[in-house]
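For reference, the structure is listed below as structure tokens.
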Amino acid sequence: MSLPQMTTTRRNLLKFAGGGAAGALLTPAPWRLITDTALWSENWPGIPRPARGEIRARFTHCTLCPAGCAVRARCVNGQPVSLAGVKPHPISHGALCPWGIAGHHLPYHPARVRQGPVKEALAAVSRAISQRGAGERIAVLDLRPGRTVSWTYRRAMAAIDDGIYLAPRQPAYSIDLTEAQTVVSFGAPLSDGWGTPGNVFAARANFRLVQIEPVETRTAALADVWLPIRPGTETAMAAALAGETTIAEAARVTGVKEEAIGAVKEAIASGPAVVLAEDPASPLMNWNARLHALGRTVVARREAPIPEAWKKAAPVNEMAAAPDRAIRLLLIDESLPGGYVPWQDIQPKLAADAVVVVFSSSSEGYARHAQYVLPAPVYPEAAEDIGPAIDTVAAVFRIAAPLIAAVVPVVNPGGLVARIAGLPQTDPLRERADAIHKTGRGMLLSYADGKSTPMKEVTADDFWKTLNQGGCWMDSTGKKAAPHGLGRSVTSPTPHDDLPLMVVAAEVRRGGLESPLMSKLERESNLRMTANRVVISPADARSNGIESGGRCVLETACGRLSVVATVDAGVPAGVVEVAGGPRMADLCGASQRARVVRA
Amino acid sequence: MVFVDKEFITRGLRRSSTGRFLLWILPWVALLGFGLYCAGLCLVKGLNQTNMDNRFVFGLWIFLDLTVIALGAGAFFTGFLLYILKVEELRSVINSAVVIGLVCYSGAMAALAVDVGQPLRSWFTFWYPNVHSMLTEVTFCISCYLTVLLIEYLPIVLRNRKLHEVPSFLVFEYELHKVTYVLAGVGTFLSFFHQGSLGGLYGVLRGRPFAFREGLAVWPSTFFLFILSAAAVGPSFILLTTWLVEKLSRKRLVRPDVFRRLASISGLLLAVYVLAKAVDTLIWINRTSPGTGFQAWQYYSWKPFGTWILIAEIVVFGLLPALVMLTPRLRAHTGWLVTAAAMACCGVALNRFVMTVQTLALPTLSFDSFLSYFPSWQEIGTFLAVVAYGVLVYSFSFRYFNLFPEERELRLEAAAQEEAEPALAGRY
Amino acid sequence: MTAQNRVARYGMSIDIDKCNGCGACMMACAVENNIPPAPEAANDRRGVTWIRVYKVDNHLAYPERRTAFVPVLCQQCGHDTPCVHVCPQQAVDVDPQTGIVGQMPERCLGCRYCMVACPYHARYFNWWDPKWPAGMEKTLNPDVAPRMRGVVEKCNFCHGRWHAAQQKAAAAGQREIDAADYVPACVEACPTGALRFGDLADSSTEVAQDAARPESFRLLEKIGTEPKIHYRSRRDWVREIASAPRPEGKDGLRG
Amino acid sequence: MIGGKIAFASGMLLALAGGWLAFPRILYQTRPQPVNFSHKVHAEKAGAKCEDCHSFRDDGTYAGIPTLDKCSGCHAAAMGTTAEEKNFIDQYVTPSREPQWLSYARQPENVYFSHIAHVKLGHVKCEQCHGNEGGTGALRPYQQDPISGYSRDIWGRPVSRIALRTEGGMKMDDCVNCHRRQGLEYSCLGCHK
């Protein structure tokens, strides 16, 4: 065909297209499509739509630590969407810690233990019980003693012969901060996780806080006086403050200026004072006797009454009390994080073919060592109660009523152990509530209306109802009694010359799951240390050729951990700051010495 | 029908064989391909592909945009000189200038489209404009000016040998010619504005005392400094590119006096700019910055941004090239010219770098830290895509369109000597 | 709700001497405002924390080193608010009734110019698509719309709570909200009582009185943006953080 | 050259026809409502007012489309003889299965709209925004824009939005127009969340 024709047809085609384009612009179509694509970007795939519905407040108690703060949950169609404290609460004063505030995320944590070999575990348990040899023991390790379920364990261990109930040492006393004018704290993290946050902050205005510890923790930063002592010289400082040695001597050993020590000594003498220690069982606590704090600031720990039938319970033992290589079956209740017992303290107690079962929601703690990990309910799924915190004077009874049903198939540790021991399947919480009600003592505080009524005017059923719908029983603070034991002598860690650094936990870290949102405090800001970080002084960094942000290895007598180092002139030479937690506990063990080397 | 490459090449111009041309563009096409992949990643997976962060929210791309737009200013300014001020010599580079302008501006727009987090919403700026925002001013002016450039580019395309055969195109091109002056005028107006607003972009940042400047009326001093600097380096960049093309194609494209003219214009404006910039800097050091509680010396105590950067910007890459281009004796040597032009371009690039990167690196809160940033490979890839795109568009334009009207007669003149020695075949 | 409403100037007062840096405010904020947990690749420069507690020190070495915790959120600038006039498409505005600086993620095109303009680094960009662990999206707050990738967001004094208060007032046939009904999540969550919230325009409120205290200060006051967050501390070195940075002896934030 | 003009015109006509006639039909997906519900019958026979079923909660939040228990309050057993009612009882009331109603007026997630503020403080009638929904004898099919995911009612029936009645659309413009008229327009956050 000839060129001109071809071009004309092609040109007409172009013209047609041009006309089409021009016409299209005169219709709503193109404009609407442009708008729609922009609208599509408002809810393109992956953006969730929050559920709508009726919004109601529900109440419970936080079980993430022994403080057991009262919680008001904002629920949409029953599902908690945010947590807050309960303002009128006499102990927690409406305060929650960052962990507590995001507690309702735990059931959905991606790292949660979602299933476990329940059948196999039960088989192994019964095998271990039936086939155990002479002198071999059945043991329960309860990381959160003082709960009602703890009594179930003790009863179970009493019912089984050779049963033994183990728990991390609990202080036999509680502290009444309102009575103190000066608080001398040897590393007790008063403003970062010690006792009940709300209670501490409420009392804080009325006492002078003297913080004595090697590094500037959150507590030291807010203390009236911070004595930055050389690590491991607490006893020397205490001796000087108690007048046993000269101030000059203490200054030499601890590295703190004489006048600073003198000033603190005067402050202590000037009025009622109390001494607190990071380890509640530290011998430093015994000094309180000489400060006349016993029965006043340091009082006997009180627990809520229990049914008569429960009195026949196994005694509370520490790990050390268990005979070596004797435990054939060890059931560990790690459902609520508590005082972690380092694994190297447990291992020697286990028999050769011991069976270790752990009830936990996290694979971080003992799950790393046990044969059987059974998924336990997490807050706020479990119906629990919380033992008295170290700073509550009167006995209290409060229930963490479940806010949601367990989102994964879980086993109830208490129920399981009771079944193993052949205890009657009852509801211990209800039994105890009734026992408390029978005494007729104390008051019942209901959170919904903030009213508190004397127990005498409450029926057993109303009591139980209120406890579950947000309420708390508080015993009348009768006459305060002096506690029995305080501290006990501890073997001071043997110094390793090859491990020059002292490990100091700058962060309070309990084991167990944390809300995924903790990334806000750990990775998205520099507020809290992540478990894989250490902080060392420029001097130590130089001597080991480590620069800030560099990868390195934390070595201890028990092992190694790959970490990222931060170099900070605020850290004293000879100290390595770490974030606490089970891993760190296992790594450091009793001797808190370590070495940081380049990876 | 088969595509006959030669049919499209302007009569009387020598261009390299199709094979050699393909060989030349191949690497650039490859680069473009890689760059487009990078850009695609950023669009599909989001800007987490870059190394920008909440403090370094602007990075390589904004620096690129500011720089290429400054360098592309040659287009409007040459047009302005030629059509409004009637500087006739420049007719021989105006086409090339238009292409460069087009390349720079369209490239910048493309980069911006990747740089924003929600490209699908870009049109909001036109639909819900915030008239107080310098960025609105920039967006409007740049997009308008880009259209102007496209219209200015059309006649160059239509004058192509093959397309010329279409009568209606002929008519259209003729019509376009009549409005050239209008376009030049509009283009100049728009360009002055957006070059200014680009400067204003940073000058208005009350919250960034390092960039904040007082000003005249609604515009901070940077508004005018950017216009000046852009106008100054525009001609330099034209000079530089023309020289480069001559070298690459081994052809003479313009008469030497065009170079000199460009240089003298560039030098003059650069000198004025340097003066203005110096005055502005003094006012800023002594009044503006202290007024916001920031002592100017602080900014330069954060390594590596010492005072050297200030000296480099104003003296080394500003005053020096200006003097070179203004001294007739030095101007006589192309070598000096090109070096000076190159330095001038670097100077402006450095200025844009300081305005973007240094501004963001410096902390404003006393407890915040000085930050550094290095672009990710995805960012660099996208950056290179823009460069490759520019080279390709220019290469095609140079091959098929008549970018240098004087080229033909220069060649005929050269032909005289070619009697003696055999002709050098052009690379293109 | 309507014109005859009293015009408020909501602001906050922060007692740095009380803040123990626990981070409860940051958590409460993230929970309240549907801010997703950070993906693995995120760090302190790419996270989203509408309120961020900085660890600030006196630049001295041990044992003279002293640390303070400074919560920084959108300072709700009251005078030529830097972010408002830079936004090219009116995604940022100041509510004349409350003085709250609002950011509209659905209008935002993600150019991040406002983040450059903000001297307090209180604005955050969504570098990633929002992602919650499976099931956790059940815990989202219906009063706040989740944002999408590629847009800027920031503190708006928990505006969802302001809406709720409005709604409650309307149910009671009132136009005025009850001050007790409107408290941002961070303030409600602060266990030490370091944060207080209220109407600065009303001199009887706690915040207004806090703002008037001699030890009270605002960040970068000299820039002249009239922020509505009033800090205070009895420690001299802490009050110095309000002024411009002093490079010498400056080491990076601990992390 | 005539050919050229014809080509141009025909292209234009085709595009116009497509854009104005075909486009609105193909743009939306249409889904039926689960139950053939008659507002009219309930208004006349049961004498029900809007707020009887579309009620407010104590905190002022709007309950929206009533849940099944509200319906079964009256329809535990058949009250009338219509097949629709019998069908409804068999399929939903008896097995107590919530009908999946499709809300015509559901605003985007980022919108904060307080019904009670408009009704109680603003004295706005339901019809003013929802039109005569309450008087219709049957539920019209629900139409959704598959791209934006929003109901057709938000944009309004005519795709061009030309000659739109006041209650014709529920786009931001429609809200703003009314608020502007009464000087009640303050900031984005006033109506966005």
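Note that the chains take the letters A, B, C and D in the order they are written out, and that residue 1 is the start of every chain.
Note that in this section a contact is a pair of C-beta atoms (placed from the backbone, for glycine too) under 8 Å apart; a residue touches a chain by one contact, two chains touch by 3 or more.
What you are looking at is a predicted structure, and each value in this text was computed from that prediction instead of being measured.
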Checklist entry - When B-C is set beside C-D, which has more C-beta pairs in contact? => result B-C
Checklist entry - What whole-number Å value describes the gap between the mean CA coordinates of chain B and chain C? => result 41
Item to check | Distance between the centres, which are taken as Cα means, of chain D and chain B, whole angstrom | outcome: 53
Checklist outcome for this item: chain C to chain D, mean C-alpha position gap in Å, rounds to 37
Next on the checklist: Centroid of chain A to centroid of chain B, CA atoms only: how many Å?
Outcome noted: 60
Next on the checklist: Where in chain B do residues touch two or more of the other chains?
Outcome noted: 118, 121, 124
Next on the checklist: Where in chain D do residues touch two or more of the other chains?
Outcome noted: 59, 61, 108-110
Checklist entry - Listing for chain A: what residues touch at least two other chains? => result 37, 40-43, 49-50, 52, 55
Item to check | Chain-to-chain touches, reported pairwise for every pair that qualifies | outcome: A-B, A-C, A-D, B-C, C-D
Checklist entry - Hey, which residues of chain A end up touching chain B in the complex? => result 7, 34, 37-38, 40-41
Checklist outcome for this item: Listed in rising order, the residues of chain B that touch chain C in the complex are 46-48, 53-58, 115-119, 121-122, 124-125, 127-130, 132-136, 139, 201, 204-209, 291-295, 298, 301-302, 359-360, 363-371
Item to check | Sites on chain C touched by chain A in the complex | outcome: 17-18, 20-24, 26-28, 30-32, 34-35, 37-38, 42-44, 46-49, 52-55, 57, 60-63, 65-69, 106, 129-142, 144-148, 185, 188-189, 191-193, 251-255
Item to check | In the complex with chain D, residue positions of chain A that touch it | outcome: 8, 11-13, 15-24, 26-30, 32-33, 35-37, 39-40, 42-43, 49-50, 52, 54-55
Next on the checklist: Looking at the complex, which residues from chain D come into contact with chain A?
Outcome noted: 3-5, 7-16, 18-20, 23-24, 27, 57, 59, 61, 63-64, 108-110, 145, 147-150, 159-161
